[in-house]
Each structure stands twice: as structure tokens, then as C-alpha cells.
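Here the chain labels run A, B, C, D and E in written order, and each chain numbers its own residues starting at 1.
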């Protein structure tokens, strides 16, 4: 296609969502009364007008080819008046017109797309994830692959609602940690300071490289007559902020990078407020294509959670109630000095009471 | 070979004298100075004993402005004669 | 094409991106090379992408450029850029619109899309330098727009809101569109110290994950009492047993302000903190109050540099119904951008900026009155810089003598001149 | 009252139901010029809204570096009686028990050598003798030691340890607080009298988590009684409480911080694995509940008031330790802590600030203790871990 | 100085054993339970018999006359045995129940109060103030007397929801227990130190003085060739640390010094973990001899606490339940920017949840 006119900013802004609303949504916008779960992944919203809107939630792998997406559209055309919606966790939501359409719709989702229905309520939700080796320039591990491996393992848990409360999982392929606060997070962990390619450093803006370091561990240096930087090893905490600023400071190391698992994060203000996730275990090998050690560790956490939590308790709330001592005892993870915070506000994580479980 | 405690006391007295009016020395500072000078030949308890000699003999006194220190005896500014 | 490691990801019940991409490789050869490069990553546990800045003319963001380190071996993915497209608020689409995106994606790129990226954009993968421009042009011609990246306002995601949720306390979709359109210039032409993310959730359940992942979460709330349908309560209590209700609803209330009396629910609304738990569990019987609006928060971010931050309350309650409400909302946003824009350091998120200058100073700077809703608790340390008394000292008297004891007044003049 | 003593502002404080310190000082004013001038100078402070004391930094008794706080009046000509007004800290008895016979010895000495004014007791726990002259310090000291009393700590030394009433008059004491307090005070006489630390080191000893000595807030090292096994329940006494009409559900069960107590008719059921030893149920139902049988103490480190880096609570370093004669395990721990802090701490750095600076993990390694999850509220939430071990590439040696 | 008596040192305190009442010795470690018979009167039950405690207020700053009167009573009623509490109360230890009433009468005749047990305001822990401290911003004994005259009824009764601990400290050093009391009264300096350039060079080591400042607000300078220091007023937070190491930098300023009120601290581990006190009122005038503004502010807080808290709720627990906004509302205290923390860990006090109250 030839450009008809020179490319110029159009500032089109956001698409007009009103064009894309399901007709039932448009009619009942802001008039919803309540909703009911019909089965895992299937629920109905009742409006003040008496109208019902059914939703069938299907898990997607986030990464979709255009032909696959067209097949998604075909199904939406057939059952949902050509409207559909995505969730923030990469599920696709179909809204069939009639309750009778639910079963055929689900069959078609399964047959044509191979997607499971579920990921709602007290289930193992779809995993939000980053780009990993497929498309990111910084990752130390893959994202889509770990997610596939984990969801294969927890497929039953996705399609059933057997947990005390929803379980949200995220993965991040570097310590920038794009994945957010979730019940369980799988993150990459570096184990040594960046290796500097002095020949390439000159391509970076040195003052910016120096100022990006949160612990002032990068100093200007001269090597063989060229301006470069050096890293003070004792100060460096392997965060990789400099690597994002200047690729010549290579933080990744295929030999030594490992994966760590974090638990207890939560965004919602429901019951207790939002909370950060905390280190559960570390040093798991970065082991493609199936990362079995990671899956085992997640399984251990979920088993303990399922056995110990009260209804409606998120993973973090459960641990808060039973205490970290019991968490480590029940999962069998070893508590090490690396679990003790040493960064900003570290002191606020120390146990400043005699509340001790023995 | 261990350094005699009396010798340590004399050496520390010189250090206290030199730093008078410049820096107030703590027991720990003197310990570190002696360890730096003599290495393994002095022990923490030797230094303690030597400080006790300095204090009990009245050659030095304890001060306590902003944490305790070991000083030469002098009239303090706050004192009302 | 030999992909022994990736092939293992075709197994298992969960939909396989490998299988999907293999199919697509038959239509688009670059996808085959993408898979081959990925296979090499799996073998060597190493990544082969380089990122750099590349822009559509007039825009400062929206394109994530990717160049392969193995460009000679896999020339088809030597340039393999991503276009961020501003999503439809609430992630609602018609198949017609989505088909259009599929067409553009395949006409110019690899025909791979991600719905949606972390910030909320639609991601289209696999364009070279030239096709990237053409694809952008085609998108804009059809009314789509590019998303944000870099030090600007980012694309705004929101929850499904009033479109399909009875808990929505304000119109999240409308505010998303309103802010995106009003501030589209800040989105396309980055000029802040660092990125600025809004995320909008209709209630405290925060389905947009705004608390920890956005600089400015806007979360629906209400000022009056929770609406109680006592008949529905009675039905619920009968169905679930009173003991179950006590164990799972009333005793879970963080401030213990809800009580079950027989088959009636009573709520001390003055102590309700809008945590949503009782409404979530008994949504047939309970609903948010009628006097609805939003809480504006500030400062959330993820780990990099100064560690995790969860947003904290900035404006406890703001109505968001009339046009005036929208303008009042925007006035606050703009004052924040002015103050942070002027005093923030490069690469300093607004949360880090507040931590550096202090919340009190920040409130002064943006003209918002302190409110105890902003704190978990007041300070416990006594080191308060009282300004009432410092001010005249700094302005009126000469600074050099201000904190010097006077011995002889005439001698003091001597060194006043020095 | 003497005619020459005009204190209209202070006289106000003789009114009211609460005991009046002014009345008490006045009762000494007839006998002691020092008390009289103290009132005069204090009256001036009340008029001018400022203090008139200068901090001494040198006076003490021979050989000791602590136990005396030098104080001089800033207005010696106006108030010659308080030109010198030093404090002596007397090491109190464990649990603050006295007989009138023993305390009379002290009051007699103090009337002879000082102002006759005291604080019973100071914040650290010492018996504080308030106001004497430099030349009286040594004679007072001799008179006191003659009767078996010694000075307490001040400055950068071990401060006088103090303890709660413990097994002497409390059913909740999980170890003998008086014995360990007495033992530590005598074991570390040198550290108490001759300052060698970076800064002060306070030890407070409480027999249970009710923490009546405020160890968690006010001591560098807190030794706080705790138990390991199950709370002991007397079911008959429990039934009596329920029968008496007491709202056990509301007052006890619903106040349990972990919800680990349930009332089942007249019986109480405790999920002891979730009990955090908060004491509330035992406090409210003393006849029915009592601490378990396997008793000891948790050790906390690092509490301090705000100066300089902000206030800190102590944090748990040893979740459980048996506290038994001859207390060698306690001595061993204290000495390991002191040695590491001596070696690496900086001047005027309290142990809590030191731990924060070097990190809790490094501190634990330094004193040779293992990390345990009881030491923290939660594990770290940031990923900036300084890992020491990692896999080296093969063939490159270790 | 020659005396015949050998000079004794390092003898340590006397053994406590000799000061224990014989009944206490027999019951040592064998106590079964205790009861509060009346405000200020406890009964401890042990196998060898019951011991009765009568708790009596003291102003902490006492004369030997006071003690002699106490000891006469001890000889008469408690076999010469008594003890002190950490809050400066006197406790008589009686073997005979019959002695309680006569002792109480004699105690009250002395002008002392019996009480301070259980749900009462116990005696006030306080510092030396103008009586004996060099850095005091206000008096302590006088403040305590004034406040407790107003609150005496809460000492002699047990009508509060739970125990209430009050403490007074006369400067920001916060000696004593003010940083963890239910209500704390704290003297504040609000202006930077005044430098005595005449005496500073003789009195203080410049490097030590400079290093003493936590905010790096003190810099060396020289005036007419004499080394001294200057204070950067913008950075100074009036903490007084420099004055502790250098007496030539007094902070006292009768015009600006004042009193602040803090609430919600707690040491005991019962129910909730220990808590620091938090700022309630940043500044009240320093108004001897009766400090009416302070006493009425404290009384107001005590009264709203007494009226609104649930049984066993300490002040901090009560405020945590009802929320700080409601506390400021009920107490009629204006919330200002001074209430917002800006020191270490300030960010941890910002409210990072949606838990709003209107």
C-alpha cells in the first residue's frame, strides 16, 4: 500500500468503546444489579431491566496469531453478535445471547481454539507475563514458556474453583519485575554485578549510567585512555537498572542467573489492604523448556495454601494469619539470611514484638 | 610475645596527650590503635587492664560528653568553682 | 525446522503459543525464524534482542524497536518491531474492529498480536522499519492510535466498569476515553521526568491492579451507607447458615463494623473502610452506597531503582459525574504534572519524588490540604520542621547572625560584614 | 517556711490531689541550703520558661567512668546552693524490693552528704540521688559501698540492668528474672563501671510478653519470658468464668490476634500452633489459663529512643532460649554480641542502629546465629539480594 | 585522702534475697493467680499464703522525709518490706489482709493516693525537666503534677477501657518511655541551636560537633580566625544531638519552646504488637506553673477514649479500629502537614490502601 500522504501525527486518541459494547451492555450500562457464577468460567450479570448477560471466560496464551484471532472472531460472530472482550489477565470473554448457547459455545471454544474455560472466582487465574526471550531485549529467562509449563501443570486448577480464594500468578523475566503484585510470582534473579564491555560503554551517556544506579555503585573510570565506568562490587545489588540504561553493562549470565518465587502480593483493598509479595524461595535453576523445579515449588505453596487457608483468604492473608514461621515449615522451604530484608526500610520488616510462634 | 600492660598504658597515655583538644578518644579507639600497632601481641583484656591503670592512677579520667571518652584530667568549662 | 525444546511446549492441555506460531510460520516465514531464534535462546539460556529508540514522525513513543543479534542467520527477524496500539477502554471489541487489526497485522507484520500488554495496549509484533511506518499509517487512517512509551503519560487501562459490573462506582470507560483524548499530546510527546501511568478501577476490588502498578490509581468509592436489601440478606442467611455468615463475612471485616442480628445485617458505616469483602460475598444483598465518586491515589510503581511502592491516598473523595467534576479532576492532575515536572529528577517516578521531598512539601506544591486519610498513622518521630518560626528568621533578620549567641552586640556587627 | 523563699509559681503546684514534689522539696528546704536554692532556681525557670543547668562532663568517683551525672547551675552567684548539683546513680536491687532497714541506710547517707532529694527510681532503674557537690562524691561513695551499695552505669557502658517483679510476686514469670538480673549485674561489673563500648547498652528483663519493664521499647537487649508448649488450661476454673456470666467470647476470643481460640460451651480450645504468646487470654482469665510448662525467654536487640536515627523497637534475635543457672548461655550470647559490635560499630552507634547499618543478616553471621523466620514480620519484598554463592562456569575452578 | 577503711569498688548491688518478704520467699515462683481487690490493692495467691499489695502514688522526685514516712508505714504494716514499680509507685507488701484499710487511711492522710492498678492511669513516667536537666524545653515534674491533678480520679478508679500509660519527656531526646506510651507529653524545641562563638572553640571538638548532626546541617567555619561552626537552618530539625556533644550550642528558646502531645503507643504484647506513639498535637504553649492548654488537651483525649473504646482496647488499638480521621475529628484536633512524617521510613506511614472513611 502506498502512503497516500506523508505520515503525520493524528492524535486519534482512544477508540470509541461505545461502538464495541455488546448490545446488552450498551442497554444496561451502569444498571447492573448483581451477578452469579454458573460454573467455573461462566457467569451471568442481571440488570435492573430484568435482562441477563452471560459471560464465558476462556484462557488464552496472550500471544496470538492473526489467523487464530480470526477464528476467535468467527465464534464471537456466531454466538455474541460480533462483540467480545479481553480481561487484564489475557482471558477472552464471550457473551452469548442465550443461556442455551453456553454449552455449544464452550464446545466450539474447546474444539476450534483449544482454549480452556475457567480462570474465574476461586481458581488458579491466567498468568500475566512479560515478553521474555521471544521479544524483550533485557530478559534472563523466557516468559511465555514458563507460563505454558505452569498452566499445563495447573490446568485442573484453572478450570475448577477449588481454592479458598483466587490465586493470581505472575512471571517476570528480569528484576524490573513488570508482573505486578500477585499471590505467587516467579522472577529472575541475578547473582553478580554487571560485566562491563569497555569498548561499548562509550556508546552510552556516562552521566546517565552513573546516576541511574540506586546505590551509587557506578563510578567514572578510564581504561586504556577511554572514558568508561567501574562498578563497586560491594555496593552493587545486581538490580540491572544500569543494564537497561546501557547495554554495555551486561547483568545477565546464563550460567548463574536463577529463578526465585515470591508470595503474598495483592492489589485489591479487599479486607486487609494491598500488600507486596515476599521472598519464599530462591536459587531455582533456569531450566527450559519446562522449568520443573519452579512448578514443584509453586505446587508446594498451593498445597499448603489449600490445606491451611480459611475461605476467602488470599495467599498473603493466610500467611499473615498463620505466620511466616508456619509458612516455611509447611512448604519446607529453607529460611535463609537472604530472606531478611537489607534494602530501604529493612528495619520495618523485623519482628519488633514478642509475638513468636515456637 | 605479649607486651607488658604497663608499656601499653604508657603508649596509650601518649596518644591521649596528643589528641587532647582535637578528638576525644574512646576505649575502643585506644584498643584499635594498640591492635593496629602491635597486632596479635595485645589482647582486648590487656588493653582494658592498661586503661584501668591509667584511670586508677589518676593520669587519665573518664569524660562523658556525648558518649564516654578517656581524657587528661582538666578543669571542665561548666564547673562553678 | 527443528525445535526439539520448543516442541515440548506443544504438549499439555493449556493452549500452546508454539503450536499457534508454527501454524502462522506457514503463512509468514519470519515467524519460523522467530521460533528458531527462540529455540536457540532455550538452548543457551540467552536472549538475542537489542532494543533502541525508533519513532513514527511526530511521535515520541508507541514503537518498541527490536533488532536481532542473529540477523545474519535469521534475516527475516533482523528487524522485528512491536507497535503499541491504544486499546478500546474496558477491552471491549467488535469482531469487525478486531478483524481490521488482524488484517493490518498480517498485511505489514508477522501477524502476531498480544491482547493486551502490561500497560494495556494492544501489541502487534514483527514489523521491519519500513512496514512499521506503513502499518502505523494504516492504523491511524482507520481511527486507531499509537500507545505511549518513554517519559510520557502511558496508555490508560481500566476495568470493565459500568459496562458489565454492578460494583462500579463511576464510569471507568468514560474517564479512560476522556483522559486519553484530552492528554493525547502528553502520551505521544513525552516530556515528564519519567513515565506516568493511570489505571482506573471502579471499586476497591481494583481489577485494574492500579494500586501497585500505576502512578495514579483512580478507584471508585462511595460516601454514604452500604445499600442493604434485608430480604436478600435473610435468604442468604437461610441458605448459608448464620454461623457461615459470621465466620466468612462479619468476622472478616477489617474494622469489625458489620454484625449479623438474626437474619439482618447491621453496619456501622462510620467505621466502614470500603474494603468490598461483604459486598463481594453477599452481592445479592449488599451494594455500594449511592453517593459515589473516586479516590485519587499517587505514587505506585514496580521494583526498579528504589524498590516497590504501593500508591497512597491523595484525594480521598472526588465526585466524577458532571463536566465540572471532570475539570476539577484534571486540574489536580495538571498541578501534579507541573510541580513534578519542574522539580522531579530525571528518571524519578512521582512516588519516588514524593518520598524525596516529603508528602507535606508535595501537598504544598500541588495545593492540596493534608488529610488524615492520607496516612496509615501520623508521624512517630519528633523531628518536625516548624515553618511558622523558621520563616521570619529566614526572611527578616540577617541569616548569618540569626543563630549566634550575643555576647557584645558591637562585636557582632564586625563579622556581619565579612 | 523560711521567709526568704518566695516561689509563687511553684506554690501553685502544692495544690491539687496528686502528691506534690514542691511540698516535698520544701520540706527539705529548712535543713538544706541546696534544696532551698533548687526551689529558687526552679521558680526562675518557671518565670523565664527555660532551664538553668549546665551539663558536666568529667566529675565522678575515682576509677569509675559512670554512675555520676555532673550538673552545675548556670547562675551560681544567684543560687550558690546549687552551684554544684550532681546526680549519683545507685544500682537498685533486683525487682526494686527493699526493706526499710536497708533504705534507711541510704537516706541517712544522703541526708548527710547530699540534698536529701531522690528519684525512686530513674528511667534506667537506678535509685537516683539528686544533688551533691564534687567534693562529696567520694565520701558518699565510700559510705555507700561500706553498706553494700554500688554505683550504676552511665555513658558508653553497660547500663544498670533491671527486671520486673518476676517469680517474686507474679504467676506469669517464665524464668527467674531477679536471679538473672542479679547475675548479669555482678558478672559485668567492669563493663558497668568502666565505659568501653561504642555507646550505651541497656538490658531489661521481663518475665513474660506483658513486658512490664518495657524491654521491647527501652533496652538494647531485652530478655522476655516466653513458653514453647501449650497454654495450660484449668477447665474447672474456665467453667467458673463462663458460669459467672462473663462475656468470654467478646472479651477473650474476639481479642485473640490470630483467632486461634474458640469457646465451645464452657470449654476453651486453643490452636497452640497459631498462638503468638500475646498474653491477652491469660491476662483476662488468670485462674483458668497460664503459660505453658516449657519456659524460657526470647531475646530482642536494638530498641532505643529517637535520638539520632529515629526510635526503634527491639527485634527478635533469639526466639527461644532456656534461662537457667548459671546462665552461661546468656553470657555467651552477650559476649558474642559485644565482641562483634565493639569490633565493627562506630562511635555513638547503638546496637539497633548498628544492626540496621550492617544488615540483620550480616549481624547474625557476625555473632554466629542462624536466620529464623521468627526474626521477621515478613521476608523481603524487594529482589535486591546480595547472593554470595552462584554457579561458576564449568572448568573455571571454584 | 587517707582513711582507715579500705576503699571498695565493683561490689555490685546487694542481693535481692534479703529484701524479699518471708512470705514472698516461700511462694517464689509458685504463684497461682492474682486478683485486684480494689483500685490499688492486689492479692497474689500462693501455696504458702496470700500476699496483699497496696500501690501508692509518688511524685518520683521525693525527699528523704517522704521516704522516712513511707518506711515508718512499712515498719508498722508490712514488716518493713516494700518495693517500687517501674512507674515510681510504692508498693507495700502485706501479709495480713486486716492491715489494708488502716494502711490506706494513713497513706491518704499523708496526701498520697492509692490506685494505679488495672484499667487506670498509672503513675507518669517522666524526666528531670528544669529540676535537673541541661537540655530541657519544659519542666517535667510540674507538668506531671498539673496533668495528674486533673486526672487523679483515673488513678484511684479503674473505669477506663484498659490501662492507660502516660509519660512526659522534656526534650526531643525522648528519655523515658514517651515513644511507646498511650499518651505522651513531649517538650519541643522549634528553633536551631544558638552558637556561642566565644566559648565553642574551647569547649568542643569541631569534627565531633560536625559529625554529630544527623542531617549534615553543621559545617565548620571560622570567625576572626577562630574555628567554630555554623548551622544550616534549612536542614536543622532541632533534635539537639549537637548540644549533647557540644555545650556551646544551646537550643533553649523561651519564646518558641513548647509542648507536643503524642498518642497510641504501647509496649505490652497483649493482642497487638508494640506500637510507637504518633503525633496528635504538634505544639501547645509552654505555660507554667499549671500548663492549662496541655492538661485540657490530655483530659479531652482521655475522656473521648474512655467514652468510645471497647473493653481491653488500649488507646492505639482503639484509634487503629476507628481510624485516625475519626480520632482527629473526635478530639477536635486540626490535622496539619506536621502530622505527615518526613523522616526515616516516612513512606511507610502513607496510607497505601483504599480503606477510606467519610
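Note that a residue touches a chain if its C-beta (ideal position, glycine included) is under 8 Å from a C-beta of that chain, and two chains touch if they have at least 3 such contacts.
Note that the coordinates shown come from a computational prediction; the quantities given were computed from them, not determined experimentally.
Common neighbours of subunit C and subunit D (chains touching each): A, E. In terms of C-beta pairs in contact, D-E outnumbers the other of A-D and D-E. Farthest chain from subunit E, judged by C-alpha centroids: A. Note on chain placement: the centre of subunit B and the centre of subunit D lie 29 Å apart, centres being C-alpha means. Spacing of subunit B relative to subunit C, judged by their CA centroids, is 61 angstrom. For the pair subunit B and subunit E, the distance between mean C-alpha positions equals 37 Å. In subunit C, the residues touching two or more other chains are 204, 206, 211, 219, 254, 256, 273-275, 303, 307-308, 310, 380-383. With touch defined as above, residues shared between interfaces to two or more other chains in subunit E number as follows: 172, 174, 179, 212, 239, 244, 247, 265, 269, 274, 276, 343-345, 347-348, 352-355. Of all residues in subunit A, those that touch two or more other chains are 175, 177, 239, 269, 272-274, 276, 343-344, 347-348, 352-355.
Of all possible chain pairs, the ones that touch are A-C, A-D, A-E, B-D, B-E, C-D, C-E, D-E. Taken together, the subunit A residues at the contact with subunit C in this complex read 1, 3, 6-17, 19-22, 25, 29-30, 32-36, 45, 53, 55, 59-70, 72-74, 76-77, 82-88, 90, 92, 113-116, 128, 130, 132-142, 144-145, 148-149, 151-152, 155, 158, 175-181, 208, 211-212, 214, 239, 241, 244, 247, 252, 254, 257, 265, 267-274, 276, 286, 288-290, 310-312, 343-344. Subunit D contributes residues 9-10, 12-13, 15-25, 27-28, 35, 38, 42, 45-46, 48-55, 57, 62-64, 71, 85, 87, 91-104, 107, 110-111, 116-121, 123, 125, 130-131, 138, 142, 145-146, 148-150, 162, 164-165, 167-171, 173, 176, 178, 182, 185-186, 189-190, 193, 209-214, 216-218, 250-251, 255-257, 276-280, 283-284, 286-287, 290, 305-311, 313, 348 to its touches with subunit E in the complex.
Of all the residues in subunit E, the ones that touch subunit B in their complex are 199, 202-203, 205, 207-208, 212, 244-247.
Listing the residues of subunit C that touch subunit A in their complex gives 5-6, 8-9, 11-21, 23-24, 27, 31, 34, 38, 41-42, 44-51, 56-59, 66, 80, 82, 86-99, 102-103, 105-107, 111-116, 118, 120, 125, 133-134, 136-138, 140, 143-145, 156-157, 159-160, 162-166, 168, 171, 173, 176-177, 180-181, 184-185, 188, 204-213, 219, 247-248, 252-254, 273-277, 280-281, 283-284, 287, 302-308, 310, 346-347.
Those residues of subunit E whose C-beta lies close enough to touch subunit C in the complex are 172, 174, 179, 186, 188, 190-198, 223-224, 230-231, 233-234, 237-239, 250, 256, 260, 262, 264-265, 276-280, 282-283, 321-328, 335-344, 346-358.
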